[in-house]
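Look for chain A in each of the two complexes below; its partner is chain B in the first and chain C in the second.
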Partner chain A sequence: MAELQSQAAHAATTPAVMSPWDKVVNLVSRYPVAFMTLFFILFPFVVPYQALATQIIIWGLFALGYNVCLGYTGMLSFGHAAYFGVGSYTLGIVLIRLWENVWFGLACATFMGGITALVLGYLCIKRRGIYFALLTLAFAQLLYFVAFQWVNLTGGDNGLRNIPAVPLALPGFSVDIHDPLRFYFFVLFFVVLALLLLQRILQSPFGRVLEAVRENDPRARSCGYETSNVRWLAFIVSGAISGLAGGLYALYLHFVGIESLYWVTSGQILMITLLGGMGSFIGPFIGAGVFLFLEDVLSAITVNWMIFLGTVFILCVLFFPDGIWGTFVKLIGRKSALKR
Partner chain B sequence: MDFNVIIMQLFTGLSLGMLYVLLALGLSIIFGLLTVVNFAHGSMYMWGAFVGVFTVAWTGNFWAALVLAPLGVGLYGLVIERWLIRPLYGRDINYPLLLTFGLQLIMIEVVRIFFGTSDHPFSAPALLSMPLEVMGIFYFPAYRVFLIVFTAVICFVLWFFLEKTDLGLIIRAGTRDPLMVRALGIDMNLIWWLVFGIGSALAGLAGILAAPIRSVYPEMGIAMLVECFVVTVVGGMGSLPGAIVAGILLGIVSSLTTLVYPQMADIVIFLVMAVVLLVRPSGLFGKAGLLE
Partner chain C sequence: MPEHQKGKGKGVSRRTFFKTTGVAAGAAALGGFHFVRKSQAASGPLKLGCPLPLTGPYGTEALDQQAGAALAVAEVNKNGGVLGRKVELVVRDTKLKADEAARRAKELIESVKVELMTGCLSAANQLAVNEQCKLVGMPYMSISQSNEITERRDASVYTYHEALDPHTTTQAVGKWAAQKFGKRWYFLTSDYAFGWQLTDGFRRVGKMFGVQDVGETKHPLGTADFSSYFPRIMAAKPDVLIIDNFGKDQLNTIKQATSFGLKKKIQLLCPVLLASARLGAGTAAYEGVVGGTSFYWEQNHPTAKKFVAAFQKANGRPPIDYAGYAYSGVLELLNGVNRAGKLDALALATAIENRNYDNYKGKQWWRPCDHQSQQDVFILRSKTPKKKYDVFEIIDTVSGANEALLRTCVELGHKPGVPNRTGLKK
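Right after this comes the complex of A and B.
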């Protein structure tokens, strides 16, 4: 692995004869966040309608958070609906009952997502591998049933309705963000923020430890890292980003459905991440784009669109376990250079 | 509260627990031997119930359905193992889980296409629809008595098969050290194949047994699957006695909660799981560190 990386670094630094294609690949791999930002600025003008673009980057953000767990730390969570849903409900409840301020609502959503991950993570981290997957699923279902029963707070089966469409308060003035394009750029602001933050985290020593835990837990432990705490922390970061995505989604819909906490949401984010490719920045967004685009097209044709998505997913597991982006990167043969 | 009501509810809990036991046994033997978490187990349970609905609609005979449902779902399991899961052996342990997750989405949609999304009424056979009277005070529905006895018999047969037959010996050995068993000249692929079939058949059997007492609809397996995961986590994954004890325990806990505080009925088993995890992270009968 180290040898591969040094080779890649070598290839990236030596100004050998490079084709224009190689140059582009090199630049993208060096400044992924900048290129993604550039792409996302143009993105709403190339999709069929802007609401789809907004959905794609919100789900992409969710998948990005999920990826901290699955892709970077190697923990298969089947319960990320919990943190997404908690974020959604928090934003809704804060805007309806506490303070009609979007910033405050989103901060609360992120915070609550992180806190929920802190509490449930404490229990789930106790077991690893498959048990971890089952535990996250079971605790997410627990939250679902709690929200279902707590009708006063959550609206139960009917969902949380009438989240006010408040303007965005900025110092000195306020902006109406409920125009689709403006809302898209509002979401994009948070996506870029999350990307920068994650890039910072992953390039820090802590980020290296995360990958060490994924690759070889006993070895990381023998190097002196308390790996269960590392896992726990990664889980909390992942939960907080999922909570932020949940808050944005509630803001986008003006509504929180009970199904946001249901395990189908957890399954969906897993499918999106696997479809796009684990362990990269771009993969989750590609996954979200493909998934939502397929859903959009297929659900117009048939109500049983899940059958096609399920088939695509199975084929992906069987033949392309690296996902779309991972397979693409492998094909152009720069796995280590483009990994991040 | 009436003593009678408590006894009745205990009894209902026991019959629910027996369904958990059948499903958790299937999950557990598949996991113990193949290290595959079968996410499609809930959908196989649902297919068992629908094979029952289909068979009864055609023949009007519950007993035929009781034979055909495990047989059909078992055969289906054989096909799935051979063509979809076997290619994934030797890869990361999460891949079969992901594959069966995708599979269950397809299985649910297939049923929606052929049977629609609504509930299907399914009644117990006439022979078993009257209540059984005990000591003139308790009236137990005969079907539930049948369910409990029948499941107990199945558990015994399974125990006998695993503990007293040569094939059972190979299976138990395969759980401990498949490489060694293979070195002794036994085709483990065949054993895995067979065990996946047996596990699937148990899910199908649970489905047809559940059909008269729970509603039959395409998503019926989803909640059941999660509950069975809880059962296997509480009992200890891969442990058969654990599956039986935890299944009965959680069935009874859940139905007694329904009596005392119905809002908590769906939630209580997760709380039991949280407590068990805090006290005994490997489950009641589980071995610490197995396949982590």
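Right after this comes the complex of A and C.
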């Protein structure tokens, strides 16, 4: 969004002769979604195994949704596991009990993520700061315990199993998406869709208001915006994207673990977002990539992998508060062009 | 970025949209031509996947499982491997989280290209791994307790369960305790499937012996402080306190119950008495505690002695607790493939089903309908050690013969006597 505007402003001041590097930077900042799509198409061929790539873009999508809350609107939610988990369980339950259709399942997951955010958002949004964070946490834990106890529906502690492996129904033919690479591109389709949607939203007047609310709530209010509603709407969008990510994750694992609703998941997504850099498209995906890659590699080497991951996180928070992407952008001196 | 104003590039241009979606769609179509390199590595080492909760409250037991599996692999390799190929054990940490276990199993299958799977501790973890294995038709040897894994919904032609399950454990220990101790029982239950199933099992067997259920306290997995539960337990005046938990939870319960003076009036009973917890808590804390087990290393039995000696040589200590499951389970899996003569799930099932074997603890038998291993349960009492690791004495053996301790095939949703062919992939 703002890439385009700031880039437009930037283009005006760019010297007539640009180095190839400048051109690349310029192009990337002009078409972030196209650039990311291109990158993600190549991505599964550079990671150690394709399932990791899938996992990274699913968590990146989740972080992207979370970022609508944290990065763009400035709401620190500590309960996003709720929408992710609800999305996961919705997909699983729909596929098991209602209709073996992947599209329908994912639509339901997105919808239920949004609805849960609508209800919980209504209850939380009036509070700010620490109260907001704790309320979101409390409600997410509430859902966790409901899922934990409701064994008949959710499988309880043992998780939801026996999600049917259904092929992807397209008009006229169906595709088996259980090949790792095919499934990756299936997920990528939704990631690109979410990116485009989000870009559109953030470029709209509503997107501007979101930032106004983040930067200065009383001022936004004095300009005539009902900031509570703006937050609420952002919260719902965030919940819906998280729900979609949850649905994809359930489809990916053919299994929903009770952990998907647990507060640790909420903490993890916060960590991923901070690690990558808030308030940008690319940041959450970088955060997810670094987090999951490190976890994957380190935990295969040592059982004390958490020490290393924790150290990376602490260093990031202390010395690179803009996250990996934010710092990178600063370093190449294209702050105005690339940031956000 | 408050300073940005409205610019020219508002909205996604149609061109950008088509470009991106077009590329994505093209790539997806291209993905269709991608073929999986499966069963190509037939010449290299045969990889055996083994996800275990190395970090978390069951870490000690998981390390024991790892050592047991490694010993079995080493023995098979020494005898020429599997179908002439060396076997390689690939261990992954599940952190005791089910979705992590599922992810790890997926990684092992898709990236490491394992051809057989074992491992896991905790019901949720093994069910998640089983799910992944069923999906791709890979044999999976489960080596920790679960009731569900042999039930119709989760069991399959690919699934094997070497360990005891909570039902068997409680039938054996409960029957024994009902005859030896008082009839007022109180339950301290770890609040998840494993704990619930233990408590349910005890209630079931207790009824047959006229046992009175005087109360239950549930605690979350990984509780540090149990002392706040004890006044209520004391007030209920039970004869027996049944401690339906595992790992560090068991250690903390018994340690704190001892310092609280609970043992003066109440007999402590652990369905799964762990040497690891006993070693951690010390002699005084466990004095007089009785419980059940699948295996104890001082058992006087030829195969047990052989197993313990080999384990001791490799690890410098005797096997405790769950090493036996892993050792025996991995042996069954690998030797089964050798007997089958090819790496084929159906041939393996035929080679294993209805088999009588004795790998480390006495007679065991693979029941065909659910791939559950029938075995004996031992009753242990904690004692003052004469040497290190000499912590229990076997005071009784509850025979598992003739499916006495197992749920019936019908109860589990299988046809009795018919080999399990659920979920078989063509």
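Methods note: the second predicted complex is superposed on the first by the 325 of 340 C-alpha atoms of A that agree within 3 Å, B and C clash if a C-alpha of one lies under 4 Å from a C-alpha of the other, contacts with A are read in each partner's own complex, and residues count from 1 in each chain.
We adopt the following convention: a residue touches a chain if its C-beta (ideal position, glycine included) is under 8 Å from a C-beta of that chain, and two chains touch if they have at least 3 such contacts.
Remember, it's a predicted structure, so these values are computed and weren't measured experimentally.
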Clash or fit (per the criteria above) of chain B with chain C on chain A: clash
Which superposed partner A:Asn26 touches (first chain B, second chain C, both, neither): neither
Touched partner set for A:Thr327, first chain B, second chain C, both or neither: neither
Which of chain B and chain C A:Ser228 touches, first, second, both or neither: neither
Touched partner set for A:Tyr131, first chain B, second chain C, both or neither: first
First (chain B), second (chain C), both or neither touched by A:Gly159: second
Partner with the higher number of touched chain A residues, chain C or chain B: C
Chain B versus chain C as contact partner of A:Met306, first or second or both or neither: both
Touching partner for A:Asn101 - first (chain B), second (chain C), both, neither: neither
Partner chain(s) touched by A:Ile314 [first = chain B, second = chain C, both, neither]: first
Chain A residues contacted in one complex by chain B, in the other by chain C: 148, 306
Partner chain A, residues of chain C touching it in the complex: 1-2, 4-12, 16-17, 19-21, 23-25, 27-28, 31-32, 34, 36, 54-55, 59, 92-93, 95, 97-103, 106-107, 110-111, 123-124, 127-128, 131-132, 135, 148, 153-154, 192-193
Contact footprint of chain C on chain A as seen in their complex: 2, 4-9, 30-31, 33-34, 37-38, 41, 48-52, 55, 148, 156-159, 161-162, 165, 175, 178-182, 184-186, 188-189, 192, 196, 199-200, 203, 211-212, 215-216, 249, 253-260, 279, 296, 299-300, 303, 305-306, 339-340
Complex contacts: residues of chain B adjacent to chain A: 31, 35, 37, 84, 87-88, 91-95, 97-99, 101-103, 105-106, 108-110, 112-113, 222, 226, 229-230, 232-233, 237, 263, 266-267, 270-271, 273-274, 277-278, 281, 291-292
Of chain A, residues touching chain B in the complex: 76, 123, 126-131, 133-135, 137-139, 141-142, 145-146, 148-149, 263, 267, 270-271, 274, 304, 306-307, 309-311, 313-314, 317-318, 321
